[in-house]
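Here it is, the structure in full.
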């Protein structure tokens, strides 16, 4: 994306990503809401096209209304105010494990072509170069939600042929690997990156580029991907955030902490 | 026990049994409190020699004070009033299973020489003659408390060589049977009956008559037992309830519902 | 979640309790037992039900006596203050009822496994007991770490949980207090949830105290306003246990004919809660009312 | 239970957290994190500790940075709103810290197994992941009923749970509200429990609402009065999350020297809570105070 293009736009790359994430949520769905951008994506969906979406948070929170004030993280007190349910982490995880959660979102430091995510050890366990924070609930979401969305910065060092460590399983080696290892359902459905949106082939389970963000070409995406990237035959352009979506987003993140308007 | 003796006494047989049960509780112990007579036994102990005993109830209750009014059963509202903790059955069972419960009490329809209890099927599963209510928490108490006390009416048809169905395990076939089947601890320590008190040999795990109630002889007990009963070498007489204990008991069961003053 | 789930008791049972379904009830054990809902099940002559629960005081016995039940999966079926229950005894002794014997811990773990979405839970209870003879959903396993001998309890996922609560809003958000028994796990384990409530209150009251909510409202199917819907069991904050009703039931249900008379009086003629309250009578209602009140200290959920 | 358990923070940590012990903390995940207790652990230069928990925001990183920790058993060690934590990274990357990798669900199940007194719990998570490579307390098993492939999670029984609560009495009975995380199971699983409380209140206030009590008081070892003991994490009913403190910590802990300065300022000089409050300053305290209050509707525990 050129500087010129960016300046002329009304939205930041993070806002585009959050908007794309929000649009993955259908009305009435049960969403397991994670930290950071996914949290904003849920709030955006709920305030626009998915007012009846229900949020489940690993802290032991279920909410069906928006928090009354902007929040930076799910543990902020406005997110507890008039929650539908405050309970145990095991209860939130029960909803997830029993199959009551439709969709969740996970970020990652490394992803591979089958959507496996590493947020633990760069370099692998034997040769650790960078230690990352670890799974948190990410492994659980990747294993147990009906589908999950991956949100990533699109860089060659992050889009690798094979992750150094599988923190959160995608489709493993592809095909029916998930069934073979015993996972009861799910898998990544979409990867939203700083450059485009990728989806998974229903047989091979390898990801392919589905849309590019405004100003981005398929070649630019392929260059920033660490394996020969499949491009979808009906490659499209990612729709821009609408004015309504931007208004809402700025209400939820007035300081631009997550959407980068200030930083 | 002759009618004459009974009439001259200040206490009913049930009151003697409850008093004996209460005396099994040491101060500061954690008691898993069951229905009926055991409930009274706990209240009596707590109001006399064991003020710091803590009661755990399978409904999901922990109490360290007496209920403010007489109760007929543990679910009565005075038993919830100022409880130390109101929670889930799984939480009460957690305390039991982890080994935090010192003592509990179980009634039964049939008991055998090794303290196995049947409260399910008289006649056994293949040839049911009487269906009883079943385990409730009794099986769990018999398996998981550090020790448990059995409270029974002493009749030949109830004291059988081998119970028709083991609802609540005692010492199985005797010896180290409990370890063999995988039980983590415990076993019956005492059997309090309408005629006397029996305790278990530390090797064979067979019960032997330890004391007889006032007016009862060892022969009378043996006659009402369905196997050749061992009599302890130092057989004693069960101490009678003290005046203080009777005052307390009548406060807890003013109608004599459990202690039979009216019935 | 803007659609009201408020139904009449008749509608709720008719819609969510088909013949052949499995029900879990009596989840707080001795309190908050959904007697009104059970009586509606009897009125609607449901058949081939499976009843699931730890103990239910006399509730299971009533549904069994009415001929609605094929199968019971429970730890104890009796009358808490009098002992055996007669319809249950008759049905087992005449081999017209299937029984899966549990302990309170195994049924709690079966429902917890159902809630957690795992096919079993391990326990240290029942080892050496004969529960294994009359419950095929218990198996011996060895711990993969310690080698310890354990009881594996298979998950139970009931079709319906019926829960009597103190207060609920019309969207299925309900406050319950007192001992909770297996309520939380049983609700999470069940495919649908029917709530009967002493009071229907505004969502404002419920949402001001989300820790008191028993299960997330989005999973609740129906909400029914039913004052005295837990009688004769106690309902914390509302009324005491009606001991005499349990003693009377013991006496009245000793014979098949006696139970038929009981059913006619207490079930057939009490479709509305007004009828039920009238049958109870003013004196009894006054007797069961709370004499001592004790209100909680508020807590602040502000920001 | 008539003996007061009230101790100073220094006494409680000194008595119940010996070198080499295993601690579970941060049990509500993002809220009610016992920072004051962690700082006392640092002050007392405890060594060879094992830290157990799901996530702890920056709390584990601080104790690791102070050289107190040998082993971490956790799902995530970082800074919730900024990402990686530097002391943890340095310790792992230089191989001076042992790590057992969990997910939030596996650590919740490990503590639940510990609470329930069983040696493991089954779960459907982590299958196909590499957590098995860095956690020997996860094993693959097959369900004895369905044959399903499952993850068995070994029980964890910490030596000590440290819990920050809103209000407690001197006997260890404590009210907690808000999201509860793994607090209930972790308390039941632990051999001793240290409570730090924003307020010490009369037993009357606590016992009027027994459903709000987090764990039975008879199992609690020590109660410490520590206002602002959860700062900078949020404490429902008391203060909001101090986001700036988390951002500042990220910046200050990037280097070993920077962390030493942070420790000097925030740990060494704040033995009493008066010192800590003074360091925070009036403005910050006013900023973090609740602006909107919302009190619960009382419920009646009478009879």
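Per-chain residue numbering starts at 1, and chain names A, B, C and D are given in the order in which the chains are listed.
Criterion: contacts are C-beta pairs under 8 Å (C-beta built on N, C-alpha and C of every residue); 3 or more make two chains touch, one makes a residue touch a chain.
Since the model is a prediction, treat every value here as computed from it, not as a measurement.
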Where the centre means the average of the CA atoms, what chain is farthest from chain D? B
If you tally the C-beta contacts for B-D and for B-C, which one comes out higher? B-C
Roughly how many whole angstrom separate the Cα centroids of chain A and chain B? 58
What whole-number Å value describes the gap between the mean CA coordinates of chain A and chain C? 41
How far is the middle of chain B from the middle of chain C, if each middle is the mean of its Cα atoms, in Å? 28
Two or more other chains are touched by the chain D residues 116-118, 123-124, 148, 150, 177-178, 180, 184, 208, 211, 236, 240, 290, 292, 294, 301-303
Any chance you could list the residues of chain B touching two or more other chains? 68, 76-77, 80-82, 86-87, 90, 93, 96-97, 144, 184
What chain pairs are in touch here? A-C, A-D, B-C, B-D, C-D
Would you pull the chain A residues touching chain D in the complex into a rising list? 35-36, 57-61, 68, 72-77, 80-82, 86-90, 93, 96-97, 120-121, 125, 128-140, 142-144, 165-169, 172, 177-178, 181-184, 257
Chain D contacts chain C in the complex at 116-124, 137, 139, 141, 143-146, 148, 150, 152, 154, 166, 175, 177-178, 180, 205, 208-209, 211-212, 236-237, 240, 290-303
Complex contact set, residues of chain A against chain C: 30, 52, 54, 62, 64, 68-69, 76-78, 80-87, 90-91, 93-100, 144, 184
In the complex, chain D residues that touch chain A: 28-31, 54-55, 74-78, 80-81, 83-85, 88-89, 92-93, 95, 101-105, 108-109, 112, 123-131, 133-134, 140, 148-150, 177-185, 233-234, 236, 240-241, 243, 290, 292, 294
Per the touch rule above, chain D residues touching chain B in the complex are 1-2, 114-118, 173, 184, 188-189, 207-208, 210-211, 213, 215-219, 301-303
